[in-house]
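The structures come next, written out as structure tokens.
Two complexes are shown next, each including chain A; its partner changes from chain B in the first to chain C in the second.
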Partner chain A sequence: MKGIKLAYNYLRIGILNEFQYRANLYIQILQTFIALATGLIGLNLVFSQTTALGGWSKPELLAVMGVFTLIGGIIRAAIQPNMERLMEEIREGTLDYALTKPADAQLLISVREFRLWQIVDIITGFVVLAVALSQLNWLIDLWSVLGFLSALVMGSMMIYSFWLIITSTAFWFIRVQEIANLFEGLYAAGRWPIDIYPNWLRYGLTFLVPVAFAISVPSQALTGRLTLETWFGALAFTVFLFLFARGILKLGLKSYSGASA
Partner chain B sequence: MTSAISLQKLAKHYQVPEREAGLKAAAKGLFKRQYKNVKAVDEISFDIQSGEVVGFLGPNGAGKTTTLKMLSGLLHPTSGTASVLDFEPARRSHDFLRQITLVMGNRNQLSWDLPALDSFDLQRAIYSIPTDEFKKTRDEFIEILELKDLVQKPIRNLSLGERMKMEIVGALLHKPKILFLDEPTLGLDVTMQKRIRTFVAEYNKRYGATVLLTSHYMADVEALCKRIIVIHHGKLLFDGNLSQLAEKFSAFKTIGFTLENPATDLSQFGEVVSTDGSRIVMRVPKEKTSAVTSRLLNDLAVDDLTVEAAPIEDVIESVFAVKKEAVE
Partner chain C sequence: MKRYIDIYLSMMKLSILEQWQYPLANYFYMIGMIAEPVIYMVVWSTVAMQQGGMVGGYTPGEFAAYYIVWTLVRSMNVVFTPYGWEWRIREGQLSMSLMRPIHPLHGDVAFFAGWKVVVIVLWLPLAFALTLIFKPELNPTLLEGIVFFFAIWFAYLIRTMTLTLIGLVTFWTTRVSALFELYFAAELILSGRLVPLSLMPEWIQSFAWFFPFRWAFGFPIESLVGNMPVNELLIGLGMQIAWIIVGIIFVNIIWKIAIRKFSAVGG
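And now, the complex of A and B:
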């Protein structure tokens, strides 16, 4: 309960902060628009040559693009800024103030930053998704909605845990910004559904960077492809990744020495 | 009365990578790193009673900040034990953290772009302070530090001193019982330093809080602390009151007097520190003070002669000049 209250208060501060920089809203709208346009052009180019890609039709791939944009927005709004701040604070030894607070350290370092204007991406993601679903003549059924929403939460948790693991290695390696940049490149691979990639890459993406789970599983839920086994697999993997990330962070905090003075 | 803070042979050692300058050494370091064991804090022990204000002194790199960080639960000690309000700090229990605060003069915790009031609200949430109590404390602190007109301005628009005052309010809103203040007056002008000192003294009096303060400004220490703990090269060098410190470490005393003929050559008596018209201040070795004083009175026409302990800055300087070998 206290955790939710605390997260809410940080969210409030984050939003207040963002209102100080209104120009960012316009830049964000522009960025989202460009990303969306390039995505759509790419999709149309592919489908001017073929009618299906790895068993996925055009509206289905549009749905994947929607999920990709949506989760990308969540990452950039809530996950990435917190992880970047943590990385910075570990390197400069300024994590002190966060660690002297009577609150769970993981919770605190995970909710301190919020980029409100990324909400443009999240909304756009939902709109693209809605368009795709209408093209698919999708009938709203409770199970696929639940499947989709739970997959979305699990996907975000996986990506959060993955980021946290990478970031926590900064306690030992100090400079991990490059590894973090690598993530963005890998995330871009999530633009296409996981089953169009060759096997070796598919497993790499799934287990090294949970991009596949994060984007493909929600998309599978919407397009009626999600099996119960995959869902439980995703759940188990989410729990495992979360606990693992928590363990690594705890170890890291123990060895945190803070840049002196 | 039980101790608020207690250290038993507390030590912190760091493994610091070390290499010679140059490309070759750097390349070698890629494969095999040389480490040096640095004893930042080397088995120090002391007790601080509840309600005491203690000055924690030492030159840069003496181990002050490391000690404060161990006491506030940020660093795990290499060996020895620390106990603060009967808690083991490194466990970072929430009950412990709720009762302490750490203020660092060179770091900010308030949100840069927002007015302090918003950041204060966040502190309320973090420490779960009941709203009424929070408002009362906040307004009281704002009034004492005369911040009323500033709390609605973004922190970035405040001066360094104003910002520090805000930081202190933010750090004390939960009314901690233990204050770790690491250079709280760093870089501030004299008036602002004084304002912050008065506030700390007032807080200590009002809430009976225990304060451990490091500062490079002796005025802070003289005004606030009856007791001084000096560490140097990670070792405890002195623990006692200020006058004892001067007694132990100062090799000199100052003699001030008025001379009828200021042109007189005084080199045979000692070193002249300052001359202001006919008023002269000299520095003489402690053991020669009485001999020099009687000679001055006999040989010259002097008036208003005073003998004083060396100024605290000079004492500290001689303490800090102690070599590492001498500490061990």
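And now, the complex of A and C:
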């Protein structure tokens, strides 16, 4: 309960902070628009040559793009800024200030930053998704909505855990910024259905960077491809990844001695 | 002239020595960069296979060749970022380089040119690995090889000029990110970075002819991969040189105006 209150307070401060920079909203809208336009151009180029890609039709891939934009927004709003701050503080030694506070360390380091304007991406993701679903003549069905929402939560948790694992390596290897770049590159792979990638890359994407689960599983839920086995598999993987990330962070905190502060 | 050659050689040597100290950081950067072409390659190879083995004149093997050469051209395209000008002005770096008896741009050109030498050496094993995995179809002639060698360095110079030009906008306003984003989006579409230009609609292809983007990206790749006739190869090199000259002229004019606007901060 105390944890929720803490997270809520940080969220409130984060939002207030963002309201100081209102012009950033317009820049964010432009950036989202450019990303959307280039994404649509890519999609249209592919479908000007073919009618299906790896068994996925154009509206179905539009739905994947919606989920991609949506989760990308969640990552950049709530996950990445916190992890980058953690990376910075490990290097600078200022993490001490967070660790001495009387709250769970993982909770605290995960809720301190919030980029409000990234909500533009999240909203755009929903709009793209809605357009795609109307093209698919989708009928609202309780199970697929529940499947989608639960898959979205699980996907975000997986990506959060993965980021936390990468960031925690900063306790041992100071320079990890390049690995963060690598994540962004691989995340872009989620724009296309996972079945088209060669096997080695597919397993890499699914298990190293849980991109496939995070984007494909929600998309599968909406397009009626999600099986109960996949759902339980995703749930097990989420729990495993979360516990693993927590373990790594604890291990890292043990070896943390404060660099300079 | 001799003075400039000496300066360039020394600056390049410095940056080679400097960058050679960070092979791992350079590698991580390059591997992160490779994700993008691999995605395009897989998507378009899948489309080509679904269409009976060819799309837009490319087979899967030729797509592999295109996107593997892409990685080298992309590395050659890395120049001083336009976002960096704001930092230079804010931190007073510019005041320092203005004091030197040489145009500050020479420093950029030489530094990144030296870095490119390191990048090319580091790129070779990566290209070898990608070749083993994706089995490209690539049979360049000697002439294509020679044209390609010049084309990647010309591409480097074109992109240095264009990015310096939009970087100079920072002298007037610091709200530049919107402009830069638009520029990079246009570049992505019109350069051949997203897809080979032959896959684009006819009108975009002819449109792209009049912008520097394709000469700094698509043309070098196609010169090696695309079996272009000799006259097209020469026209391409000519267009590259023309863009370099136009770029230098514009950079000089804008620089002269911009430098009057400059007032130092910090330092």
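Points to keep in mind about this one:
Convention: the second predicted complex is superposed on the first by the 260 of 261 C-alpha atoms of A that agree within 3 Å, B and C clash if a C-alpha of one lies under 4 Å from a C-alpha of the other, contacts with A are read in each partner's own complex, and residues count from 1 in each chain.
By our rule, a residue touches a chain if its C-beta (ideal position, glycine included) is under 8 Å from a C-beta of that chain, and two chains touch if they have at least 3 such contacts.
Computed from a predicted structure; not experimentally measured.
Once chain A is used to superpose the two complexes, chain B occupies space next to chain C without a clash. Look at A:L16: by the touch rule set out above, it reaches chain B but stays clear of chain C.
The larger set of touched chain A residues comes from C, when the choice is between chain B and chain C. Once the two complexes are overlaid on the shared chain, A:K254 sits against chain B while remaining clear of chain C.
Taking the C-alpha centre of chain A as the apex, the lines running to the C-alpha centres of chain B and chain C meet at 90 degrees, rounded to a multiple of 10. By the touch criterion stated above, A:E88 is placed in contact with neither chain B nor chain C. By the touch criterion defined above, A:K5 lies against chain B but remains apart from chain C after alignment on the C-alpha atoms of chain A. When the two complexes are overlaid on their common chain A, residue A:W192 makes contact with chain C while staying clear of chain B.
In the superposition on chain A, A:D96 contacts chain B only, with no contact to chain C. With both structures placed on the common chain, the touch criterion links A:L30 to chain C but leaves chain B unconnected.
Overlay on chain A (Cα): least separation between chain B and chain C is 8 Å. Overlap of the chain B and chain C contact sets on chain A: empty, with no shared residue. Listed in rising order, the residues of chain B touching chain A in the complex are 14, 40, 60-61, 65-66, 69, 72-76, 92, 94-98, 100-102, 104, 106-107, 109, 111, 113-114, 118-119, 121-122, 125-128, 154.
If you check the complex, the residues on chain A that touch chain C are 23, 26-27, 30-31, 34, 37-38, 41-42, 45-46, 48-50, 52-54, 175, 178-179, 181-182, 184-186, 188-189, 191-192, 196-198, 201. By the touch criterion given at the top, residues 25, 28-29, 31-36, 38-39, 42-44, 46-47, 50-51, 55-56, 133, 175, 177-178, 181-182, 185, 188-189, 194-195, 199-201 of chain C touch chain A in their complex. By the touch criterion given at the top, residues 2, 5-6, 8-10, 13, 16-17, 20-21, 94, 96-97, 99-103, 105, 254, 256-258, 260-261 of chain A touch chain B in their complex.
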